[in-house]
Structures are given as C-alpha cells and as structure tokens.
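Shared between the two complexes below is chain A, which pairs with chain B and chain C, respectively.
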Partner chain A sequence: MEEDEFFGEKTFQHFCAEFIKHSQQISDGWEWRTSKDCSEGYMCKTQFQMKPGTLVSHPGTSAHVQTCLPVEEALELPPDDFEVTETTAGSEVVKYEYHVLYSCSYQVPVLYFRASFLDGRPLALKDIWEGIHECYKSQLLQEPWDTITQQEHPVLGQPFFVLHPCKTNEFMTPVLENSRKINRSVNYITSWLSIVGPVVGLNLPLSYARTASQDE
Partner chain B sequence: PICTALTTGRMTDDKDVLRDVWFGRIPTCFTLYQDEITEREAEPYYLLLPRVSYLTLVTDKVKKHFQKVMRQEDISEIWFEYEGTPLKWHYPIGLLFDLLASSSALPWNIIVHFKSFPEKDLLHCPSKDAIEAHFMSCVKEADALKHKSQVINEMQKKDHKQLWMGLQNDRFDQFWAINRKLMEYPAEENGFRYIPFRIYQTTTERPFIQKLFRPVAADGQLHTLGDLLKEVCPSALAPEDGEKKNQVMIHGIEPMLETPLQWLSEHLSYPDNFLHISIIPQPT
Partner chain C sequence: LSKMAEESESALQLPPSTAAEGEGPTEVSPETATPDPPSSAAVSPGTEEPAGDTKKKIDVLLKAVGDTPIMKTKKWAVERTRTIQGLIDFIKKFLKLVASEQLFIYVNQSFAPSPDQEVGTLYECFGSDGKLVLHYCKSQAWG
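Showing the complex of A and B:
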C-alpha cells in the first residue's frame, strides 16, 4: 500500500524482475509467481539434487523434525526398518524448492525453502543441513543473526523452512553503504541472496554479480 | 459483554474488554480418531479451551487421557482435526473456532490423531519451546509494524519471558504488565505506525491477507474497520444496497464497521498483538 521505506514492495518486485532477467539468460531456473487472489508475488526456483549414498529413513521418523538450529545430533537410523528408492548406487533424487518473498512487516526479502523426495516425503531440517558446506555451518552456528524455523508459507499455506528476517537489515546495511561509497549500484536481491543462499544450499553463479554492477 | 459494547457503539470500560477477551473460552469435546489402535475404548474428553491460546499449549490433559488407552508404539506426534480439516496449532484457538466452527452447535467437536501426521499441511510442534518461539516471533513482528521494533527491542529478555509465562499460565495481570508497553504510542501520534492484522477466509487459496495499513489517515481521521476491509478485502463487505453475505468476526463477535481500527488493535488483539479477523459466510 504505502512505501516510505527504501525497500518497499515495488522495489522488491523491481529487483526480482532484474534478477529473473539474468536467470533466464543463463537458464538458472528462477520464475516469478503470483497467487490467484492478490497482486503480490514471489520468486521461486526448483532444483533437483542427488542425495549421495544416504539411506532413507523410515517415514515414521520424519515426525522428529528439528525446528531450530543448531542441529547437533548425528543422523540416527532405525535398525532394519527403512525404505530405499534407488536410482544409481544407493543415492536418491531430492527436490529443493526456494522461494523469495517480501515481508511487509520487516520490509526485507525472506527466503523460504523445503525439500522432498520424489514421492513427496519431506526432508527433515537435519537432512537438508547435511547438504550444506562446512564453512557455512560454522558461520550459521556462530552468527545469531539467522535462525531457521519451520513456518507456514504466507501464500501457499504449507510448511516451509524459513531463514528469519529480523536481522536482515543488520547484514545488508554495510553492503548497501559500501555500494554507495564506491558509486556502483547494486541489486539488493542479488546481494542478499548471495549471502543467505549458500547457507541453505542455494548457490548463485558469479555472472549475477557482474550483471548487477553493470546496470547503472 | 463485549457484544453489547461494540454492537451498540457504547464503549464499556476498556479494561473490562481486555479481561473478557483474555478469559474467553470454547467448550470442546475431543474424540479419538476411530482408526487409532486402542487397548480399551476411549471416552471423549471435554475441555474449556482458552480462545487466546494455542492447541498444543493447552491439551496436555487430552494427550494423557487418550494415551492411557493406547500402546506406546502406536503413539506418534499428536494432531487435531475438525470435519476433515487438520487444525493449525500455530493459529490461536479462537481464530480456528471462529473461522471453521462458529456457525455450528457447541461443543466444538475435535478429532484427535496420533498417526499419519499431515506433513504437507501442518507445522510440527516438537516442544513447548516451539510454541514459545512462534508466539514471540509474532509479537516481534507486530512490534515491527507498530513501533519499528523499538519497544520490543528495548525490553529485557525477562520481559519477553513474562509475556510468554503470562500466556502459558493464564495470568492476565502478569501478561498485561508488559503488554501495555506494546500498546503505547508517542504522544504526538494518534496511534501505531501500522496496524498488525491478518484477515482469514476459508474460500481463498491464500491462508491470510496481511498488508501495511495505517490507523490514521493523512487528514488525522481515525481509520475504521470498514476502511480496512474496503482497502484490503473489499469482497468481504456487502455491496451498497445489496444483502450482507459475510460476517466479520473477531473473538466470536462482529464489531461495528465504524469502530476505529486503532481501538480494535489496542483492545481486541490476541496476546501475539495481532488482530486475527475471520470472514465467514453469513449463517442462514
């Protein structure tokens, strides 16, 4: 409705549109989605990954989903009671979905994500956590500015994991200040996603950065 | 009591409204899902549910009651269902009732499940800490809208804890000792920066509508509930000379559309500091 802040919904949509333009150029798979009954929309991307060699836990254990980091328990497997859907060499295909929404309460973008096997069984947070590079794990555990919780997706109404937005301004302010100093405009979404994305297994090809700094 | 005040336009004592909201109860009958495996027959369990609380916070006795007749290996995470709809524990109880069951006869009949948790529909609730985290997250978001987070961030951790303990232990005075600070605004303003609200309808795909909306217009006039709906959910309102199709319900009552939104936010918010508004079909 009103935008007296520098990062209002229209600005969000603008940066997403620019971001998606580049994504289309390099076939990176990002799309814009709107829900039927509102004008607001969000960015999303689906990617498939092989979950290497891990035995799939019995559906029953998905009830023990960790809702907050840090995750310190080792992956526990129930004794003989597991199913494995094999493709090759005991690995399994996992579908990851990443959604970038705008929070009007905090006036920042928010990253929602979920992962499931092809038959629809969801991955627990600790399974997703395993796919993340070690250096990001320690960063996340040290930095109290981000926690991952399970929340309802505000458009789809389904459970997703969310990187909490309340500290986004804290780490984005230096980025934006710096870009002003060196007089180079920056795509807020590109910068933000390049910081938070890798933490949850989402990596941006470098060409995004080159595009963002070219559009003056 | 609130009914009279808000439907006739007379403001009853404001503190009474706060108490009436806090102490609202819904008579509920919990029945075990018929396919659950039991060692003996499971009797239904009756309970008065606090409108302002959350299902998983107030149903320990329900869980214990049914687990007494079940074997440990048949018990997994508890979840609740009403007429085929899994109930979202992270929505306040009063909201769930108003939205799904207010036009049906009391008691509210809820089915209890211990198997086949609906992963696609419901958030997991592994502990009381998860409920606290969710509750505090809502309180913080509400203050981001009302005060740019200044009031909540100025509070000490023990104050945050007191809000939660007040809710958990049904302590009105303990809760409001802290919450009153979240209901203040600068003397030079006429209200909060933006009003924390969510509007729910079962007929839409989207779970709720939430937008930025100021309590005061540019000319200083206080915005009303009707103004809000006209702006963010016009389909909820009856056409000029048409028939009223919907009820606009908060805490089981229909406030007059002329009620100032700022007043509603200060008096009819849930403990999470949000106005949770249900749009439901007018019962015939």
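Showing the complex of A and C:
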C-alpha cells in the first residue's frame, strides 16, 4: 500500500497513540504533549537513574538506590536497613527526559533527550556518554558529533541532544518490508524506539514487543 | 521432550561468550566493543555440555532480513543467560561484518530487545514449538 511508504505526521501521531495506549497499560510513563499554538505533538517520558560515581567499599553504609524510584524516597532511605557494603561515592540521581518528535524534513521520528541533576544542572554530552551501553560506544565513537548533536527542541525551544535521523530509513525499511511480505502491520514507533532507545539509555520493556507487529 | 533432543542434536552449540571471564576475546577482532560485565549467572566456561541438556540451552532459529547475508547454520543451541548483545557479537563475527556495520536482532520480526535481555527470557515470552525465532538485520545505523 502506498500509504505505508509515506510516514507522514498523521501516521506518526497514530502510532504514537497506539504506543501510549500500551504504555498506559503497563504504567511505563509515556505521555502525549501538544504545543499550544499548533497541531504539532510529541511523546515524552521522564525517568530517574543513578549516575555512577566512583565505586568504594563502605562497611555499614549504603547508597543502594533503584532506578525509577521517586526521588524523595530514594534519598531518605536509612543506611541501617541495608547490608550493601559497596557504595558509589559521588553518585547522584539524574533525571532523563526522552522526547519523540516528528521530523518534517526527514519524514521520520526523531529522538530528543536531555539529562540533568536534580538541582537543575544539565549533564554534558560527555557525561551522557558514560551511561551509554558499551556495545554502542565503538559504533558511535567513530562519528560521535555527527550522530548525537545538540539542537533546539522544536516545541519547547530548549537545548536537547538529538540522535541524528539520517539513517533511520536505512534500518527501518528492511523491517517494514519484511512485515509487509507476510501481511503483518508494524507499529513504526515501537519498532523504531526499540532500536534507537537503548543507545541513549532508554530500554523498552519486552511487553511492547507483542504490540510491535500484528497480523493485518 | 524427545523431539527437542532430536532438534538439539542437529543444532550447533553456540561457542561460549568469550568476554564472560574478562579474559579478552580469543579471536582477533579489530573493533570489538567490550560488553558490560555479565550477571553472575551468565558465566559459561562451557565446554562439553550434553546436547540433550535441554534445561540449560535454548534452540534459536536465526532468520535474515533484507539484504543481510544468510547464515549457513541457522539453528543454534544457546545458553539461557546469553544476552542479545552476546548473540549480536557472535553473528557479526560469523558474518564477518566490518566495524561500521551494525547488526540488529528482532523478536516478533519487529521489536529489538535491549542488549542485556537474556535469550532465556525471550524464549519464555516468544518461544514456540520448542524454539525461539529471531530475525537479524545488518545496517549502517548511525551517523
């Protein structure tokens, strides 16, 4: 179908809506936001992670924090309750924001992201690098500044890091064509995000996989 | 169960993850990324495990997508704790991909599990007929 070839803004919004439906079912935290003055919309999610500091041994104390806990709870946990003997000195909670927007020029979705400490200090790209999975580093390091750039968020007007979309069609096309051959429809957003998300610390729970592709 | 044993015999054993012990790769690979240290359960010193030890290994069927080269051996017995990243590294070496080429693995033909996801978990969610079907696709994904 020709419609499948053209990933327009309406298609983008449709797949985002489907994606968010599932996110709500599993409380994964994705939301849809619209800008006040126009019909542009985007998907976003905020999550909290520990930025690792230096690993030190500390008998009797702990800084054992899980990801995605509400911040206040995490900071107030008393040391006595834990037997963890290691702590990460200088570790801090980092707030990550992920935004999925539609790029008119590339006609594909684009992943914007930024990270900051709780006091509002933004993380530099160098710090974000440390959180990137090792397996991607060697790939991205070849051309890092072409792959992750800093841009103004089209709706919020604030600086975000962006994973460059120029190769998106290249890795999405085989997946879409393969599914078309066997009469299955693919949620473009779910599939795309499962690929690009882990590169910047965003891992989709496996349950999205069932919704990624369905019989037509 | 006996059917699975038959399939296991025809499936090749995936070589143990070379980075599991932190000893470094046994083959020379120009640009091998060092994976994060695996969880304690992932260590497979792995030499002769009986082919019929179906509890430990998952039968994985690898299918190529798009222009990706097709592996001559498609069926592999993989430890439950092998991660997606470990599998990606293996296929990349097997297909002799260059550093600039990325390889993706999909379940349900469309969803890329996170690199740390274990094959055993994927089998529990998406396995059928005693095996896990994974699609793989190469691409120049970045930059």
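Throughout what follows, the second predicted complex is superposed on the first by the 164 of 216 C-alpha atoms of A that agree within 3 Å, B and C clash if a C-alpha of one lies under 4 Å from a C-alpha of the other, contacts with A are read in each partner's own complex, and residues count from 1 in each chain.
Please note the rule applied: a residue touches a chain if its C-beta (ideal position, glycine included) is under 8 Å from a C-beta of that chain, and two chains touch if they have at least 3 such contacts.
None of the values given here were measured: they were computed from a predicted structure.
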Partner chain in contact with A:44 - chain B first, chain C second, else both or neither: neither
Which of chain B and chain C A:106 touches, first, second, both or neither: first
Residue contacts with chain A in the superposition, chain B compared against chain C: C
Contacts of A:170 with chain B and chain C, given as first, second, both or neither: second
Partner chain(s) touched by A:195 [first = chain B, second = chain C, both, neither]: second
Common interface residues of chain A - those touching chain B in one complex and chain C in the other: 164, 166
Footprint of chain B on chain A - complex, ascending: 1-2, 35-38, 60, 62-68, 104-106, 120-122, 149-152, 154-159, 164, 166
Parts of chain A lying in touch with chain C, wherever the complex brings them together: 133-140, 142-143, 146-147, 164, 166-167, 170-171, 173-175, 177-179, 182, 184, 186-187, 190-191, 194-195, 198-199, 203-204, 206, 208-210, 212-213
Residues on chain C engaged by chain A in the complex (per definition of touch): 31-36, 65-68, 85, 88-89, 99-100, 102, 104, 106-117, 121-122, 125-126, 135, 137, 139-143
Contacting residues of chain B [partner chain A, same complex]: 76-77, 88, 90, 117, 119-124, 126, 129-130, 133-134, 137, 140-141, 144-145, 149, 196, 204-214, 231-232
